[in-house]
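These are the structures in question, set out in turn.
Across the two complexes that follow, chain A remains constant while its partner is chain B and subsequently chain C.
For the complex of A and B:
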């Protein structure tokens, strides 16, 4: 049964973005199925697509479990990036337009155009920086929309430096306990939805701080006569000598003084958040990261947490079947995830693109038709 | 679908194999004769020894796709477990021509050649940091690759003038490994991990990649993972540059590292 109302493809086309990362919360949560759904629906609307993976996808057999996997199907006219070493057997349908510099164990990365519909294995570049360059190149070549298939549970493709927006794929492989899976999704969506600091002056300094590639503090200098009013607070950036907080969490925080925030240009570890939380108990103190994929929190940190570049989360897809073949009722799972996102204050449309189930709880303008 | 089996080379022409090969493109396990498909399996069932357990064992083998399953040995281990050795026939063949195997894109170099290549490329030894990460306490594989004495008569990376090796040992948190790599200006990171079906090991490996990305170090290191179930294909999916499985010798890793670092300098 096909429901009326907005589908995942409508969410994507209606968002105005040009590149979307499909990232997963675990292995076997249906990233490739969601990607193939979008490829098929978007190309049916006449869009020229660009396809690239942040790792490896579309291989016939799962490299780990040995289970058969769906291949990625590139429609005629789509631009595709993969490695020359995996083109044997499927290369005939691809017209190679360019050979990219990157070389790995599967050979050089090549950029080609599908002369006809072709099933492919996608192999991507090694780093987010290279991935970002490839997304730009695909757009320059004329792709209307670039889809980046994430690998495993890796979030690198979701960085705002790489793609405009993100679809989060999850499912029973995350946790077979429905409540646990819903809770975990609630936390992850909360984390990936971290906003900019609400004070414009702080947010602006934080962006500057990230550019410096050094850990920085933002000191608040309050006007002594009007201590309580925010407009009389001026903020000053204090740059440390440290490019990282890893392994030197205490050393960094000891320098905090009366800072209103610490800006971390690299990884924000759970250890750092734990220590910052203890620090923040006595004063107002925020931790600001470059983007949400640089935050390695495993639980709510108990300290204000912001980013300089927020992600744009479009939707969640759900695969109710886990890698052992055990399944939830699709409606139940979609509903549970939707409710959980609502609970954490970040409602998103949730879809199972296989059964057609969806939840739009709390999402404005998503009423079922 | 059951694949129709030719005997010997009956179907050999389709695969594009070497002309002199008597092999079929379709291959089955070799028991007593070519392509009889006979395999031996062993497993334990949580069932007390007896007729019920043996039937369960035969059904288990059927579920494995084995025809004509026979229990050759059933040994009670404890009250509620039975260990089985069984035989059966596989009738579905592997088609060699349909396999895509990533061929290593580097050459085997001897120690002198590795040392020379790194010297020519970097003008100094390559800094290699190795660790068994996360909860993993296995260091045998890592030690075999890194330590001077090496493995099976093949000396480890410490024996090469091309490498300055720092072995951090086992159960190293990813954050510590990344901090150490930054401190030492590592050119390569070697991670050893015994992965299992439990996602935790894979998650720990991808976590390292994400940390390196966040720290802006991913492009600056050659990132290698090794372990009993690691392949290049899995390594790429995990976000690593290469993956080395069982029976890897130090020389294989040394050859790869030298050529990879040299290739990057040329790009």
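For the complex of A and C:
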């Protein structure tokens, strides 16, 4: 009984993006299953794939050989980046097209094309900058779509600097309480969906500010004669000497003055958000980050939070089975998470690619699928 | 010790010390210049690491090096497009040494190493093609790699495009046959499994995933019972809510699976065999690959030196050689400049003034005003000699000299923990003095400044006289000083920085005169307009503490920031004539300290008081 209607693969192909990060919220959330599902479905549609990982989870090591165990089956013609140590076990089917400088536990990274179907473990670079360069290179070489296996704790793969769009993989392993799991997912999706500042002038200045690599304030200067008309507010950028807010949260906020927003080029910590919240109690004040991946918030911050580069969330995949083998009902879990995303105002299609359950609650154009 | 780092290279025929002691390399700014010679490839970096300074007795080799460098610079000027293409190829060259080491050890190369050798072949082919375009004869022979066509034929059967490596079917007909069989078997197996899945899906009305797995709710008792009774399905696990099944291959498919495993095994054995045979065969071409890698390294290193020479419009020095005789202690520089200081001066919009100097005696003395560029002059002389002997073109319009055994620079203010600046200076001076038998270029910056003036002067004069009397190796000592009459007392050549046109400054006049920069009332101080760090890099002067080549410390910049205003310093820069002129030994040492102090905006009352203590011309 193959389902009719839109599946995860249709969401990806219909989005028009050229690169997708598949990012897991924890171990055993079915990220590899989702990745393999996409690889097989996309290549069945005749697309040439580029496959790379951000770092490596470090769980799929064969206890006997000490070699990484294959996690992905690269179809013939796909471009692949992995480490040469991985190739010793399984890589004679690759046509090597480049050896990259990056050194890791498994040796240098190599780039190759699958001359035949090859099952292998993907090993990628650790830095977002290198990952971004590799994604571009794979596209340049002729990949129609690049899939980035976002290794555990490497949200960087999801950065808009690296990939066009993101699929979030979540599972039952974190929290057996379905409601709590759904709420947590709701928060994560809310965080990763942070938009640009609604005032165009502020958003434009914020983009400029992030380029400066310094913490900046955006001051609002109201025209004194027409104090209450919005359109006469002009905004001015004020650049500080500080490249970060970490450890100097108070010092930064003391300089805020009457600023309408603070733009933080690097990491935004929960500590900074807490302090900014206290600050914002007295006046209108927003925190703007470079992208959502740089925001390390553990809860809704209670202060307006924006980004200069929003990321595009395509879908959520769920794995209802945890590592103990205990399972939620797939339909219930998919439904609960779909509803939670609705609640936070960011409805997304939710799939369990194993059972085929899906929820498209509140997602325009999906319900009919 | 890093090989090839000029800071740590011992001279070849001297057991006593370095050609360029580390501190001298830093003070002259040579370490920074050498670091800017950046080969693009691993072989190029290896060639640079193997470079050594050219010492007396190796004049011929150095001339050969300059011949090669000159040839490349000339070719570059005529064929810029070819050169930018060559640089791009060198950039893409992978490090081939590890692969060659493995071959030498008789090991089997991995796919990555084989690709790297294919990359080496492709780079050699493309570079040879480009060199042929400009006429191979024009290239230094050592920088033309031998062709590697036989190796390339081994590594990429039938392909001459981008370097790739794949164990293609062409290596082994048996492997080709196995691959074909495996592919057929794989397709048949997939078809059989898909058929089986379809049958199960139809009969149970469930979906079977890509991995061949399916899950059923525990509440669906009938379905689960039915599934359990089907030989096509095997129960794998249960959860609280679900029972999981996996598709079991039917007999035909199971047989196919066994066949596949066998073929897979055979394929990897045959592939391993190809790699073994290929590695053995490549070993016979090891010498050619090594020669090609060395030539590419030589080419890359030469190009990076040529790049530097072109960037600073540098000149080939004339090396004087008088075999069998002690070389004359002369050194001539025309329109020389210090590239690091010049960059700094020009980055703040200033105009850099080049210097010319001719040293034809063991000892020569330079005098000049504060902020007059004496230290920069010393560094420029030292840097030009250091660069020449490391085989680099020199930043001047003309240079003539003979090779030195070592260069030594004694900075004016040396800071050593636990020692006063005077004590540190004395300890340091023992280094060049211990090498009296060697030909040294000894650059002394106001020795004795930390001692009381009359004793400091006596000590400085004695040191210089000691060199005049005891040096038999043809050393050159160049000494800056504020001491009046030092050159006259020793009877040595005296060079002087032209300095300020002091007539434009009415020292005795009251404060706020239009002549001096202090007259300007609106002052933007450095401290207000710039962070100290920015002032330190951007507002360095050609002279004075802000322009000590290779060493810019924040405290110096901070001191300047508080000492003077930007307008004052700008005024000083504009009115300072940095030209070195040869003057009579008796020419008085400029007494410009008060002028400079006033120019830097020191309170006029203090200047007036100072004049009373020290009437002009005294």
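Keep in mind that, in the parts below, the second predicted complex is superposed on the first by the 351 of 369 C-alpha atoms of A that agree within 3 Å, B and C clash if a C-alpha of one lies under 4 Å from a C-alpha of the other, contacts with A are read in each partner's own complex, and residues count from 1 in each chain.
We adopt the following convention: contacts are C-beta pairs under 8 Å (C-beta built on N, C-alpha and C of every residue); 3 or more make two chains touch, one makes a residue touch a chain.
Keep in mind that this is a model prediction, so the values were computed, not measured.
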Touching partner for A:353 - first (chain B), second (chain C), both, neither: second
Which superposed partner A:16 touches (first chain B, second chain C, both, neither): neither
Touching partner for A:46 - first (chain B), second (chain C), both, neither: neither
Which of chain B and chain C A:266 touches, first, second, both or neither: first
Which superposed partner A:27 touches (first chain B, second chain C, both, neither): first
First, second, both or neither for A:103, with chain B first and chain C second: first
Partner chain(s) touched by A:294 [first = chain B, second = chain C, both, neither]: first
First (chain B), second (chain C), both or neither touched by A:257: neither
First, second, both or neither for A:244, with chain B first and chain C second: first
Chain B/chain C common contact set on chain A: 88, 107
Chain A-facing residues of chain B, complex: 98, 100, 102-105, 175-176, 178-180, 182, 195, 197, 199, 202-203, 206-207, 209-211, 213-216, 218-219, 223, 229, 231-239, 241-243, 263, 267
Parts of chain A lying in touch with chain C, wherever the complex brings them together: 1-3, 33, 36-37, 40, 84, 87-88, 91-92, 94-99, 107-108, 110, 112, 115-117, 241, 321, 325-330, 353-356
Touching residues on chain C, where the partner in the complex is chain A: 94, 110-112, 114-116, 119, 162-168, 179, 183, 186, 201, 205-207, 209-211, 213, 215, 217, 237-242, 267-268, 271, 531
List of chain A residues in touch with chain B within their complex: 26-27, 54-57, 59-60, 63-65, 85-86, 88-89, 101-107, 121, 123, 126-130, 151-156, 159, 173, 213, 243-244, 246-248, 265-269, 271, 290, 293-294, 296
